[in-house]
Amino acid sequence: MSAILLLSCPDQKGLVASISNFISENNGNIISLNEHVDLDEKMFFIRVQWETNNFEIENTELTVKFKPLAEKFNAKWRIEFTEHKSKLAIFVSKYNHALQEILWRNKLGEYNAEIACIISNHNDLENLANSYCIPFYCFSITDENKKLNEEKEIELLKNLEIDVIVLARYMQILSPEFVSQFPYKIINIHHSFLPAFMGGNPYKQAFIRGVKMIGATSHFVTNDLDEGPIIAQDIIRISHKDSVKDLVRKGRDLERLVLAKALHLHLEHRVLVQKGKTIVFE
Amino acid sequence: MSAILLLSCPDQKGLVASISNFISENNGNIISLNEHVDLDEKMFFIRVQWETNNFEIENTELTVKFKPLAEKFNAKWRIEFTEHKSKLAIFVSKYNHALQEILWRNKLGEYNAEIACIISNHNDLENLANSYCIPFYCFSITDENKKLNEEKEIELLKNLEIDVIVLARYMQILSPEFVSQFPYKIINIHHSFLPAFMGGNPYKQAFIRGVKMIGATSHFVTNDLDEGPIIAQDIIRISHKDSVKDLVRKGRDLERLVLAKALHLHLEHRVLVQKGKTIVFE
Amino acid sequence: MSAILLLSCPDQKGLVASISNFISENNGNIISLNEHVDLDEKMFFIRVQWETNNFEIENTELTVKFKPLAEKFNAKWRIEFTEHKSKLAIFVSKYNHALQEILWRNKLGEYNAEIACIISNHNDLENLANSYCIPFYCFSITDENKKLNEEKEIELLKNLEIDVIVLARYMQILSPEFVSQFPYKIINIHHSFLPAFMGGNPYKQAFIRGVKMIGATSHFVTNDLDEGPIIAQDIIRISHKDSVKDLVRKGRDLERLVLAKALHLHLEHRVLVQKGKTIVFE
Amino acid sequence: MSAILLLSCPDQKGLVASISNFISENNGNIISLNEHVDLDEKMFFIRVQWETNNFEIENTELTVKFKPLAEKFNAKWRIEFTEHKSKLAIFVSKYNHALQEILWRNKLGEYNAEIACIISNHNDLENLANSYCIPFYCFSITDENKKLNEEKEIELLKNLEIDVIVLARYMQILSPEFVSQFPYKIINIHHSFLPAFMGGNPYKQAFIRGVKMIGATSHFVTNDLDEGPIIAQDIIRISHKDSVKDLVRKGRDLERLVLAKALHLHLEHRVLVQKGKTIVFE
């Protein structure tokens, strides 16, 4: 079992010493430490993970005990514990590939997570959810019922104490009200190498432009469509032989892998956000 | 020695048979054949290369002899001969890396080309040109003299019978009048994965957006800035640790390699243009 | 509907003309043609695909009608028809990832194939087979029963008219007698970038050697273990942070994708074998 | 200006705290910290870099002052200063590409290094050395004079206080006596993805095996040929169309980039060696 501190603050002398002293004085053993100093912004970022087996502070006390130090540094911070499995909600529409990938990986034990529910605006993937014994909720979204249905979704997600929302090719745009309830907790996969081909039908856009590679981008959802902080990206090569249909087929593999990777990073608490960008401590 | 036919026309039955019969009836031996049918556009594209050692049509007669067939197909076409070294003009400004790469590769024999001149709007790279014994011309461009100087450049390029113009990080925008003189004969390198980050300072744009990879794109120059047909693209991964200066350093490698590859493809006559996109017969 | 000719023979003048004439004279329309001349070995290879809708030779007559031409060239050749779905047998042991990937892709329609049976030396994956309604056969292999059980497997595969056998992380070595029944019809996935790390436990070997990337290789099975003709390979980057367990996890993604790609190429009849190597007409 | 500590020792509680306290108590500001715990081997590795502008220990005193702490941990360690430009010796034979690449990059300021000499067993690259004003020494190696000439080389390298020896496609095998003088200070580039294709003519080996990608590997030289700790590797895709000559051409680009990257990592003091493998703190 271990604890993970994610912290950012204005850069100053003695930060690593103070934090590592706090851990070692309480008999913790650091097993992983990543640090980044942004010399332009004069900001300090750290992810430190330590074994809590003989740690002298109880998990339940840790936040209170660490708070004075964090306040001294004027830090934004949080502490996560590996014994807590993150609770996921996966939003889908009709495509099954991104959902399938996450279900497989979680079953194989790749994620420290529990998939608490699958939410869709269509019924198509209900059987897939059932085959993994995961509760499936369908909220059919129209212009008229959107506000009401989102409120129901928020209530459901809050009741289930969801930590992370994954948009696994969910074809609806979430309202600002919805997004504001889950800051930097909603991860989307967009099927282009953003910022190229924002918006609808990026494979068609890519085909028309004649690019020699297509990409996929996983990012946190903010209220600026396709403009949230990027967590992971990848590309594959294409050629003039590929039709739009080929791009869709080839792109599926990218979408699956890039979303899976971004989720893995987030579930291991390796991603910090700063000014619309991410620091990813791989 | 060999001949290369590049041809595109509306798709119809018997095209490959007609073309390959023409070659074999005149005792040519095909050593490479690439073909593409665009089923949506109902267009046919071919690149076929054959040995001319025992070919019964002289190079000088070949165009005349092939013309009736091409007209029957309503084709756009050209024939190239490997004994002709393409004559290159390289345009540069102050950065030396892309120029250096091409000079070095050509000296190693990677290109079937002769670098006939280097043209710049600055004097910085004159010594490098001299060290390879290549004539260097400086045309300092201002708003006032641009038209006049471009006319002089065009005259020089025409006199030298230039086949290909390479913009090796040339920091001036060529006028439509200039570009129209050399349709699909001007190759540029842009330091982003187009269409992302068009225009100026793409590394800065990439840094601000927080992408996880940067790219480079080599394309034919048209009058739409950074929108010409793409010949080659590649990317490398970056992280939050990379400053803009790091991106510039890492991007140099990409720029060199992507431009070198696009030029290689073009000098081997492997690139056809159709509706703002390329067919690249690798 | 279309026909695909795969042919190799000693290089000689007029090959493309003869083949394309045969097609066009019988009113076939070529939609794809790939050709390769090995100048060292003086060998010619071709894959040509043409629409058979108005083709004047019936599929059942085509082999007989084409034979004289092929004999004239002293060619090795075969003709495939896209209306025939290849019949697959998938061999597995305990790992499910490669099997799952193929089942899922086939269901999505990526392959022109029917999965006729899944054969295993363990029962672990029977439920997965059942969930896709595919017959599952378990042949538990011991030193004593191997010969007998392989004979039973061969009989089953012959009865089912299997075209392609996929070893989706099957942990038994097939005997030469078995392999000889299915020349270049058995595709394996090996979890290293062959020829590095042949034999058992390649991830452990990779970890010990301290390589900075791991790979996967899909190849035809011959009687030389891990030395059959390579169809597809890919790699991913790793670092000192990765344990053997991490390599297994990361490698799974590679194994799935590389096997899936090799199978895709084979099912589209894009792979020819020559002297222990493949020509892959992508 | 900054100092860089590279340290490894048996893992124990309080290591990061002790080291960071040492720095902050002497008024140093950490700008980069990488750490790795090998849980299997119970070993701890760290690279920490701090600004020395206001640091209260002089560079010349730092080793003495840090020693007690290092001894307490039973550590292997060294401290480097960014104001020291590493002195390089580059060994070459006849190929110019790897040398050219390093010369270019150093001139562009990519390396914190001074190229003190170029040593060769042939005269071919003397002009290139001269054009960069770098002393060139030719030691023609035969079986008879090898011992004597290597002694002369060692003397020269010691006199020049060389920090790093780069084998930029040097075609001689260094004797164990030579290698033992420069432990983990000699960097080689091998033109394959090791451990595949060790020894001579790896491109030919790759061609014969029919791999679908070729690689390059940069590693520290030890007395086991091509088996030293790997620093960097990369690959590119090839196909059946590529002759051995094509592999040589394409491989050159890989060799250049992989060697350049490994050298960059080493010159930034980011590489630690442990049990025949490297920890690379990128």
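We just call them A, B, C and D in the order they show up, numbering each chain from 1.
Quick note on the criterion: contacts are C-beta pairs under 8 Å (C-beta built on N, C-alpha and C of every residue); 3 or more make two chains touch, one makes a residue touch a chain.
From a predicted model like this one, the values you see are computed outputs, not experimental measurements.
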What are the mutual neighbours of chain B and chain C in this structure? A, D
Please decide if copies chain C and chain D contact each other with the same set of residue positions, more than half shared, or with different positions, and reply same or different. same
Which chain has its C-alpha centre farthest away from the C-alpha centre of chain A? B
Rounded Å distance between chain B and chain D, as computed from the means of their C-alpha atoms: 37
Just give me the whole-number Å value for how far the CA centre of chain C lies from that of chain D. 42
For chain D, which residues are shared contacts with two or more other chains? 39
Would you tell me which residues of chain C are touching chain A in their complex? 97, 100, 104, 108, 110, 131, 249, 252-253, 257
Residues of chain C touching chain D in the complex: 36, 39-40, 193-197, 209-213, 215, 229-235, 239-241, 243, 276-280, 282
Give the list of chain D residues in touch with chain A in this complex. 11, 13-17, 20-21, 23-25, 27-35, 37, 39
